[in-house]
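Chain nomenclature is as follows: A, B and C, assigned in order of appearance, with residue numbering initiated at 1 for each chain independently.
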Amino acid sequence: MDTAFKIENLKVAYGETVALKNINLELYPKSITALIGPSGCGKSTFLRTLNRMNDLISICSISGEVYYHENNIYDKQCDVIELRKQVGMVFQKPNPFPMSIFDNVAYGPKRQGVKDKETLKQIVEKALKQSALYEEVSDRMDASALSLSGGQQQRLCIARALAMEPEVILMDEPTSALDPIATQKIETLLDDLKKEYTIIIVTHSMHQAARISDYTAFFYMGELIETSDTNTLFSLPKKKQTEDYITGRFG
Amino acid sequence: MHNKRKIQDNLLKSLTIGAALMTASALFIVFYFVFTSGFSLLSFDLLVSDYKTEQYNTTLDDTIETTMFEEPEGNEAFFSQIYGISLKDAENKDAEAIIVIDYIAPESPFNTLKSINENETVNASEGGVITRISFENTSTALTREGAESMINKLDGGHTIREIIFVEPGGGIRGSIIATLYLIGLTLVMALPLGIFSAIYLNEFAKDTRLTRTIRSFIDTLTGIPSIVYGLMAVSVFIPLTARFNMASGLSIYAGAMTMTVILLPVLIRTTEESLASVPNDYREASLALGANDVQTTFKVVLPNAIAGLLTATFLSIGRIIGESAALIFVMGTAVRDSVYPSQGATTLAVHIWTLMSTEPANVELASTIALIILTIVLILNTTVKLLAKKFDKLGNR
Amino acid sequence: MNVVVKRLVFLSALLSASFIIIVVVFVILSGIKPFISDNEGLGPVSFIGFITRTIWLDGPTFVSNMYGAGYLIANTLYIAFLTLLVSLPLGVLTALFIAKIAGKRTGALLRSIVELLAAIPSIVYGLVGAGLFLPVIYNTALSFGIQTNGGNSTLAAVIVLTFMSIPTLTTISEVAIRNVDLSLEEASLALGTSKTQTHFNVVLPAAKSGIFSAAILAIGRALGEATAISLVAGNALSGPTFSLFNRTATLTTAMLQGMKETTGLDYDIRFSLGIVLIIVILITNFALNMLKKRVGKMHAQ
């Protein structure tokens, strides 16, 4: 099968502290892969290596390879900015820019040089529809993004990422700051999005992983313990640690 | 498309770096100019001499024995062996010819001239000007005849009748003393007033409308330009000092009162901050031991806020040294050689103003004073920073 | 004993608070005299005339009451805003450099330089302006065929004020830039924009209100600066001066000029200038704060 990402022997350290080691994993396209594990197990760090957001931390060092479309993204020639256009990210706490709703979604394309007003309008509309927000905001596109509720803001951030028409969307616990209703809206949304996009989602809730994902990877103490399709992982886990985590013996 | 973005990015980046460079260069421009214009005049003499040029009619002290003097090494002026001085021709600020003393031997009788009228001793000094020397048995040596001629007449062995000696002046002793007076008087007034106000606001005041009003009134003081304080001082403090017979008209007393008002908001705020940074545990412990709130404040809180108080004091000193507009109104612009707190005088900063607002402007001397001010400010600032670091370390044990 | 001490500190605070009232009252008392008294036979100065006329004194001193500060008000505002125009970009970009681009050591060094610039007394800036920039302006203008009054000009005043404004602008802008939530930067970078794009399209706009506050503070100081400008402005007796190369005068420089007398109209009128200056500062502050609120609407929840 086609792979979106192929990770080989990945090791990530912050200074002296090793956050991830011996990571070997394949991530598949047009599906949802959930990364689960207890706090501090390294899943967020892993997610951020996929779009090289760890570059922002100066003491972070990386070894191993991360292949995206046959190319190691940690190669010297890799253009980080190009990579991030194709691999988008949604953060745990919604972080819309202090601008209008329209400007938030149009931000990415504008920076890439899209100037035509009509084109921008179309892009913004499409993205907002894809993130199931359009109906709620179509009459106030010029209002400040900060006037939206938490759940709406997160969907706005998803729209903002979608406006760049990426292949992959990385999500770092996107619903942990939201109430159950908003969470459900987003989970429904993801189910739709996975038809066109590859979604890698870090979640602290195994239940969420079980609900929405096609594949699951279980991390523990910086290592990848087990990965397989979700059904198998949750019903017939191969490793004892996986079973212990799933059955709630530790969290 | 990428290239367009890259070009734009690089343009913006260079603008940013350029701005930072320009800001950094501003500092160097200021120091460079002040240093090159003013360094040459900097000397110990400058700090202790009078500002005014003073002319003395003198004779030699008869009681001094004269010996023959040796010409000093590398002497390029005209040297008198009998009297041990060397003179040279020069031009004064108005481009007039003068004869300047280039060197005086330590035992030269010119060191102890006797003033004819005043019965005091005048020390001729290097840099001083000799206008005329008249003799018993030969023609007077005049400036327009030149230094060589004067030296020849001196060494001609004739008895000297009169030496007219002019002290160059241009010293800033008066301004230095005035500045010191101002600093002292201001601190004496401002520190207690500021610290007590801060103590009230931080330790005793409750959050009532009155307290908030007091705070906002004090805060508004910061928005007022110092020149307006000068106006206020002239209509309030000058009559006030006259009323209490402290002074009539311009005075350093009035200046100190003015500076007190100017410094008050910053002083109070800094003190309040350092009082607030003393942990409440200290206060609670003291109260629990039976001390009342006044004792707690003065014996426990205040001593622990010393670092902040010192910082506030140094900052205040810096501000006093730098103030010009308000003091021009309340202490005047006349440079004095004898300074009394009940009279006006110029501080170093105002002295710069006086030098620069006369025709022609004395940029050199003004720069020398500026150099001194900048050095002091530099030292004060560094001290404050070191203090902050030191007490930070102590606090975070 | 304790009661005494408590009373003492309370009175200190009261006294401190009362100074603002004393300042305002006494400046108004003296400053209002020219407008309402007879000025020893010269007749009162018309207030409207005072704030609109474009000549300092129409007629000989002690004989005329036709004082005009209108041109001074125009000059003061003109110079202050020109200064902001030049110094705001310089200050903000320097702050951006220190906060986001410079390494730790370079940033600390630059910050110290800015602190030092802030500590330099204004008279020294005036000295450098008069000693260094006046000749430069004079010669440069001459080589282009422009006559200047020895270099005394609006341009010189703006340069001196820019030097003095940059520290304030840089320091406060730097704080505002640092306070921008890092997650906003992350969001921008994650969308495939460059660092520079992020700085100029997200960080600086997000720091707008802090930067605005810095500008308001800087303008307040520029409006009130006296000795530094008066050494380079040239003391124009009429105006207003909009050309960069002509002599100019401001409310503050006029206050410093010719303090020969201690009574009389020529003396009292300086207090009137003081009143006008305070009013100008108050109005400018108010207007800019209103503007700041409107600009900040996008940040509202």
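The criterion applied here is as follows: contacts are C-beta pairs under 8 Å (C-beta built on N, C-alpha and C of every residue); 3 or more make two chains touch, one makes a residue touch a chain.
For clarity, every value in this text was computed on a predicted model and none was experimentally measured.
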| item | value |
| --- | --- |
| Centroid-based (C-alpha) most distant chain relative to chain A | B |
| A-C against B-C, pair bridged by the larger set of C-beta contacts | B-C |
| Centre-of-Cα separation between chain B and chain A, whole angstrom | 65 |
| Approximate Å spacing (C-alpha centroids) for the pair chain A, chain C | 50 |
| Length of the line joining the C-alpha centres of chain B and chain C, rounded to whole Å | 26 |
| Chain C residues counted as touching two or more neighbouring chains | 194, 197 |
| Per-residue multi-chain contacts in chain B, two or more chains | 5 |
| Interface hub residues of chain A, defined as touching at least two other chains | 111-112 |
| Of chain C, residues touching chain A in the complex | 181, 183-184, 186-194, 197, 201-202, 205-206, 297-301 |
| Chain C - residues contacting chain B, complex | 1-2, 5-6, 8-10, 12-23, 26-27, 29-31, 89-94, 96-98, 101-102, 110, 113-117, 119-128, 130-132, 163, 166, 170, 194, 196-197, 199-200, 220-221, 223-227, 230-231, 252, 255-256, 259, 270-271, 274, 277-278, 281, 285 |
| Interfacial residue positions of chain B with respect to chain C in the complex | 5, 8-9, 12-13, 15-20, 22-24, 26-27, 29-30, 33-34, 37, 192-194, 196-197, 199-201, 204-205, 213-215, 217-218, 220-221, 223-229, 231-232, 235-236, 261, 264, 268, 292-295, 298, 318, 321-325, 328-329, 349-350, 352-353, 356-357, 361, 363, 366-367, 370, 373-374, 377-378, 380-381 |
| Residues of chain A touching chain C in the complex | 51, 53, 56, 81-86, 88-89, 91, 93, 95-100, 107-108, 111-112, 144, 146-147, 157, 160-161, 164 |
